[in-house]
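Right, one structure below, let's go through it.
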Amino acid sequence: MAVKDEKQFKELFAKGTSLGKVEEDVMREAFKTQDLWVNMGPQHPSTHGVLRLILALQGERIVDMEVVIGYLHRGTEKLGEFKTYHQFIPLTDRLDYIAANAMNHGYVVAVEKLAEIEVPERAEYIRVLMAELSRISSHLLWLATHALDIGAMTVFLYCFREREMILDLFEMATGGRLTTTYFRIGGVADDLPEGFIDKCKEFCEIFPERVKDYDDLLYKNRIWLSRTVNIAKISAEKGLSLGLSGPSIRGSGVNWDLRRSNPYSVYDKLDFEVAVFDGCDVYARYLVRRKEMLESCKIVKQCLEWLEKNPGPVRAKVPKVFKPPVGEVYAAVEAPKGELGYYIVSDGSTRPYRIKIRAPSFANLMSLPEMCKGHLVADVIAAIGSIDIVLGEVDR
Amino acid sequence: MLHEIGLALLRIIVVFGVALLFVAYLTYLERKIIGHMQVRMGPMRVGPHGLLQPIADGLKLFFKEDIVPYEAYKLTFYVAPLICLVCALVLFAVIPVSKSFMITRINIGLLYVLSIASVGVLGIILAGWASGSKYSLLGGLRSAAQMFSYEIFLGFSLMGPLMIAGSLDLAKIVEVQKVPMLIYQPVAFVIYIIAALGEINRVPFDLPEAESELVAGFHTEYSGMKFAYFFLAEYANMLVVSAIATIVFLAGWKGPFLPGWVWFLIKLFAFVYFFIWVRATFPRYRYDQFMQIGWKIMLPIVLANIVVTGIVMMLI
Amino acid sequence: MAEEKDRKVKAEPAKEAVEEKEEAVDFDQFVEVRKIKERFPEAIEDLKYFRGELTIRVKKDFLIDVCKLLRDDEDTRYNFLTEVIGVHYPDREKPFEVVYHLYSVPFAKRVRLKVWLAEDEEVESVCCVWDSANWYERETYDMFGIRFANHPDLRRILLPEDWEGFPLRKDYPLEGPPGYREKWLKEHLPNYNKL
């Protein structure tokens, strides 16, 4: 059976040259062993969507690996050229549907930069608040699924308990739970509803306690350590060269967070620490995200304090028929997964001439083969989990 | 003669009936316990507090379409789950529930349990191989390595208690214990529990069916009743392993006040609860790490335990 | 973002101001421009400064040299390739524009490189400079049909391997050429007849 599939595989894929030719080993020749080609995905419980990996295995060790994507391609960029600037916002929600607010944020920042729109400060704080809540919720979902992939089932449900609280908050403010479409060009859709701030504060009180729950189950758990420490290592140079960004590269000791290095919105007025760990492995990336959740919680608290004291408008006046000047801009924000950038080319009409989304997951996924080579099948799962991809964003 | 056969049949019916019911409700118990550990309710819909859930599950599996993959080796594919289930169920034959209640008392009861349990592995390997799927194959190979090696530690860990008890007869082992064997053989007890987790494929050693890696391991391609057989076999094995632990280490049915079988069940379910608890707590080991734990850590310890037990027994 | 933010909201985007700003910029203030001019005097075709972003249009043949220079130079160190983008301008003589966004992690700044290509022209792949160019260029090829010379593995990435046409070109209709979807589905999913 293996022979047949290998032949098939070669027919299909040997046209390209990407599969590094597996080196002929004298031993292998003598024993007449073959690589076992395993097709992992697009329907597989832990590829986090419709990711497909083609693994070449010797026993359980990975010799070669090819990542196949595109199963969720919806042509968002092409669609963008046929929508007005306002109409494109809901489409951005659907990219990284786990952290829709962050996706909105990147887009509106780019458009505002293009059209030089001044956003009311209250709107900026609300945006940061929402983006950070999204970050927490995204990281919670990441921790939940990552732990579940490695077999820790209870963490999954604990994380979802807290994520539910955030989704309730989103529902209060926006009416939506997952794809919120809350941000508008020039501000946000509406001011926060009554009672939101109290409920959010309650969450901020509870959340650090709950993180201790997860720590009890994972932080120093021997099994968790043995599954994550020194697994899927990637050096800082290699990671940067491969386009790794966000928490994943901060796990390799690169102190680079767009919120700090190129502050946008009101991040320069907020006090938070950038989580950097230099283990380069799955565990370091876990630590980074774990700390980021707590830091985000701190940012949320600061935003809430500011918002309580300073009422005001939340939306600049932007014409319904919105025509930004001719030109091109690139604006990037720190999405939960990494650098999210929008490159917008405007020809002065109501619709963007070209809109390109720099999706962090797409770039992060590129380093997966580098991380996995030489590891076991079980480590692939840990590695996929550790770079935290969302296929909606990879395939766009 | 006829009377004896009738009595034996009655015992068999009672034990298997109760065992199957237990196994079915074990799934319910597990879902409930894990559910409450994970701040949720577990099954609640079928019957009061979901009490009829196992029956609903059974009916669903019974009426499900039985899919046989095109690539599968048909005969083996059919036989494998039967081997698993039969091997798991016949083990109940020698379990002494109380002083007088057991289907049969054979003087090599423990040996019987260990040997039949290793035949059960065959079912899993065959299932993995016959499915004609790579995930199943990997799962089957994993379980071959895992279960064969962990059987060794399981057997060795029982060796110490056996030396003290001086018999392979399960009832005799219980009768010998004035205080639970646990007091004399704590090391063997710990090793036994770990090996048992490996033997019955439960977290943290559930590698053959590691859901997130191998989809469902050896039973990826199974559906309907055949899948149910594997499922039952797994839970039956869990009961048997707990029963052996109860008998060998916790003095079986012995205990004050309550009748023997009540004590037996209490101890049995303490173990079952422990296994479920472990599942709710731990992540999964990786295959190679798991083998390392077995051969590099557990094997020396368990061998040392036998030696020490022997020396101490000679001295006393 | 401007430091002091007035509560009063500025609504109308200033259209005329853009032109003036562009003229006022002295490009020699940018270290990137100076370095490139110093090493490859004839590489730069055009310079632009818009919304705080520097755009350098370089000659196609100098692309790799310029990229390597920007990556390795002590004063620039653009060690992160953010993305490679194609843009299609059907009316131009050279209709394709390939845009490279570089980011320098140590200096936290960005620069944009551009190359203009004619319909049948190839551009050298920057995979030898940054590994991440691999997928970015594949995507650009997938969407625009821009070919990158010496790319290790130039195949389609998001679309199926046998897809015809390049969707992000301006002459490609939004829902694909008429009838193509049905044809493709019929070929690949013969049982999918509920169209």
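Labels for the chains are A, B and C, by order of writing; each one numbers its residues from 1.
Just so it is clear, contacts are C-beta pairs under 8 Å (C-beta built on N, C-alpha and C of every residue); 3 or more make two chains touch, one makes a residue touch a chain.
Quantities reported herein were computed from a predicted structural model and do not represent experimental measurements.
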Innermost chain, taking as reference the mean of every protein Cα atom displayed: A
Most contacted chain pair (by C-beta pair count): A-C
Inter-chain centre distance, subunit B versus subunit C - centres from mean C-alpha coordinates, in Å: 61
For subunit A paired with subunit C, centre-to-centre distance based on mean C-alpha positions, whole Å: 22
Mean-CA-position distance for subunit B and subunit A (Å): 42
Subunit B residues counted as touching two or more neighbouring chains: none
Contacting residues of subunit B [partner subunit A, same complex]: 34, 37-40, 71, 132, 134-135, 138, 142, 203-204, 206, 210-215, 279-289
Complex contact set, residues of subunit C against subunit A: 1-2, 5-7, 9-11, 13-15, 18, 50-51, 53, 55, 79-83, 85, 87-88, 99, 101, 103, 105, 108-110, 112, 130-132, 134-136, 139, 143, 152-153, 155-160, 167-168, 172, 174
In the complex with subunit B, residue positions of subunit A that touch it: 1-2, 36-39, 44-46, 60, 147-154, 156-158, 161, 217-218, 221, 223-224, 226-227, 376-381
In the complex with subunit C, residue positions of subunit A that touch it: 15-18, 69-70, 73, 75, 77-79, 82, 113-121, 124, 186, 237-238, 240-243, 245, 254, 256, 261-265, 312-313, 316-319, 324-330, 332, 339, 341, 343, 345, 353-354, 356, 358, 362-363, 365-366, 395-396
